[in-house]
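My questions all concern the structure below.
Order as written gives the chain letters A, B, C, D, E and F; numbering starts at 1 within each chain.
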Amino acid sequence: MSDVSKIMFVMRKAPYGTIYSFEGLETVLIMGAYEQDVSLLFVDDGVYSIKKGTDTTPLGIKNFSPTFRVLEGYDIEKLYIDKESMDSRGLTLDDFVVEPEVLDKEQIAKLMEEQDVLFPF
Amino acid sequence: MKFAVLVQEGPYHHQSSDSAYQFVTAAMDKRHEIIGVFFYHDGVINSSKLADIQADDRNITKRWSEVGEKGVDLVVCIAAAKRRGINDDVLAPGFRISGLGQLTEMAIKSDRLVTFGA
Amino acid sequence: MLHLVNKSPFASTSLESCLKFATKGAPILLFEDGIYGAMSGTALEAKIKDVMKDHPVYALKEDLMARGIDVVIDGVKTIDYPGFVELVERHKTCTWS
Amino acid sequence: MSDVSKIMFVMRKAPYGTIYSFEGLETVLIMGAYEQDVSLLFVDDGVYSIKKGTDTTPLGIKNFSPTFRVLEGYDIEKLYIDKESMDSRGLTLDDFVVEPEVLDKEQIAKLMEEQDVLFPF
Amino acid sequence: MLHLVNKSPFASTSLESCLKFATKGAPILLFEDGIYGAMSGTALEAKIKDVMKDHPVYALKEDLMARGIDVVIDGVKTIDYPGFVELVERHKTCTWS
Amino acid sequence: MKFAVLVQEGPYHHQSSDSAYQFVTAAMDKRHEIIGVFFYHDGVINSSKLADIQADDRNITKRWSEVGEKGVDLVVCIAAAKRRGINDDVLAPGFRISGLGQLTEMAIKSDRLVTFGA
């Protein structure tokens, strides 16, 4: 194993309904400081985590979706999204607060196989 | 009308407790009587005064305590509480621990019982 | 009977179960992650339009806002928490979580 | 409203994977003492709650499925099950620790409409 | 990569997601409520048999026992926790919960 | 091999913690090194010594403490713990509260990291 681990966060859950996405992001921000090869993959309902235009004021819940924008400042620049998950939910790149690379399922499968660790959130 | 509410999930982890709170306060604004909120399953964790919440987030337990201050009975299921480390020593103001008989009473006495769960 | 659905129809079969047992005319409220079913332009839009032939479908405004969903399917009624309470005044409830 | 409330427990979740079914049963046993019109409906994965032959010894988890048998002693005799949920899971009445009445979805919908309170577990 | 699926395929779309991204030959372990997919005679049997053309499918014995499932689909391999550990020795893991 | 385990769910409510425990003990029986078990999300509730469990059920927290006695590092995420009312005062033997950096270390140092979640 090389000195640098390939760590991928697989964001699969919708935000706000459950905490996985939010606490997952907290983990990503910490790991960003460890100089590993960190990437984020948005699949299934996880694609909603980076939806633009979220306003949680009426619910009093912390609006963390825009926080995904700070990832770049943490040297986490590898963001991927599953095309089919976007398409079936009627979402396009314009809908997101960040600009992940759009991959098909074969590309994602390959990328996952290359990882040392996968964290599902 | 007489409303009762059942909360099945813990705070922060699921939105159920938030939704129940929003529903209860909206119902009180409309002058409905809330005869009780029953916390079951992981819902019992809503009652812990040990929760230490950052200033930029809502404080779910405190919000419920405020609802309790307005006279709403906040009942924590004893059997579910024991499994999750909730007891009288950690109970926030306004909550009380009791048995499933209280949920039965709420079911019988309310006009509407609404369940918030996951 | 008012049916409450709080799970994403892309992740869970809760909406399916609800539809199986909801009598004709019974209203359905989508809230929390359930509101993703109300969004316009998804693969589920045709299905939800079908549902609306038999059921009034509501989506909770506060949850739509929190998730950045601006445009709901034609015919889905957006209501806020006071509207949710009014629905409960008129109907007993069944939760499909 | 009459003196007696019609209360139905809608058992929808699989046992052991989550606690809903077990803690739901605990509630049923308590409510049985209140002389209300209590019934149980098994639908979706809830039908697995009454599967015969469960053995949780290797996991150390409490085996509560056989406890459904004691309901009769609590004067809870109205047990219903959704035919389609059974069929799609390859289960027949012989598979269960109790003998619920088999209903189709129209009958269940009607029964649900008649209830004062529905508890989902 | 070993794929771990712990949700009932009747309630959740987790198994679907797993199948979408699992490369040919990658083993899949069904455990917890995931084992319901391994039961013989269900509406999903044909689908699981299809899956087994591309993937070895395992079901965790302790979870089958806890749920009273005696008969699994032909070709599904029943393993216990030591067997689970051996699979993890041979593969990195991905959890679909 | 060096194994690490991530537990994402609370005890009793979901089976995840049970499964993680069975996996960890089976791996130890096979002489693998468990470099750590990290408790995140509601998983932090596994660490509460206040849980009061009936004699006919397994005691999940106590089981983990026994794993800890064998030298396994049981790390409870501080951010997640605060939200759920878990702090040093309620921590069962063998657990310690620390940051997400510990999970990062486990990810880097382990040969296998297995997540048990819901």
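What we mean here is this: contacts are C-beta pairs under 8 Å (C-beta built on N, C-alpha and C of every residue); 3 or more make two chains touch, one makes a residue touch a chain.
In UniProt terms the chains read B, F = Sulfurtransferase complex subunit TusD; C, E = Sulfurtransferase complex subunit TusB.
All values derive from a computational prediction rather than experimental measurement.
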Those chains which touch subunit F and also touch subunit B
A, D
Chains in contact with subunit A and with subunit C: which ones?
B, E
Need the CA-centroid distance for the pair subunit D / subunit E, whole Å please.
27
For subunit A and subunit B, what's the span in angstrom between their mean Cα positions?
33
Averaged-CA centre spacing for the pair subunit C and subunit B, given as whole angstrom
24
Where subunit A touches two or more other chains simultaneously, the residues are 16-19, 44, 59, 61, 116-118, 120
Among the residues of subunit B, which are close enough to touch at least two other chains?
8, 12-13, 15, 22, 41, 113, 115, 117-118
Each of the following residues of subunit C touches two or more other chains, namely 6-7, 10-11, 13, 32-33, 62, 92-93, 95, 97
What are all the touching pairs of chains?
A-B, A-C, A-E, A-F, B-C, B-D, B-F, C-D, C-E, D-E, D-F, E-F
Subunit A residues within the subunit E interface of the complex:
10, 12, 43-44, 84, 105, 108-110, 112-113, 115-118, 120
Subunit E to subunit A touching residues, read off their complex:
1, 13, 17, 20-23, 92-97
List the residues on subunit D that touch subunit E in their complex, please.
13-18, 44-45, 48, 51-59, 61, 63, 65, 87-90, 95
Which bits of subunit D are touching subunit F when the two form their complex?
16-19, 59-62
Which residues of subunit C touch subunit B once you look at their complex with the stated criterion?
4, 6-7, 31-33, 62, 81-82, 84-86, 88-89, 92-93, 95, 97
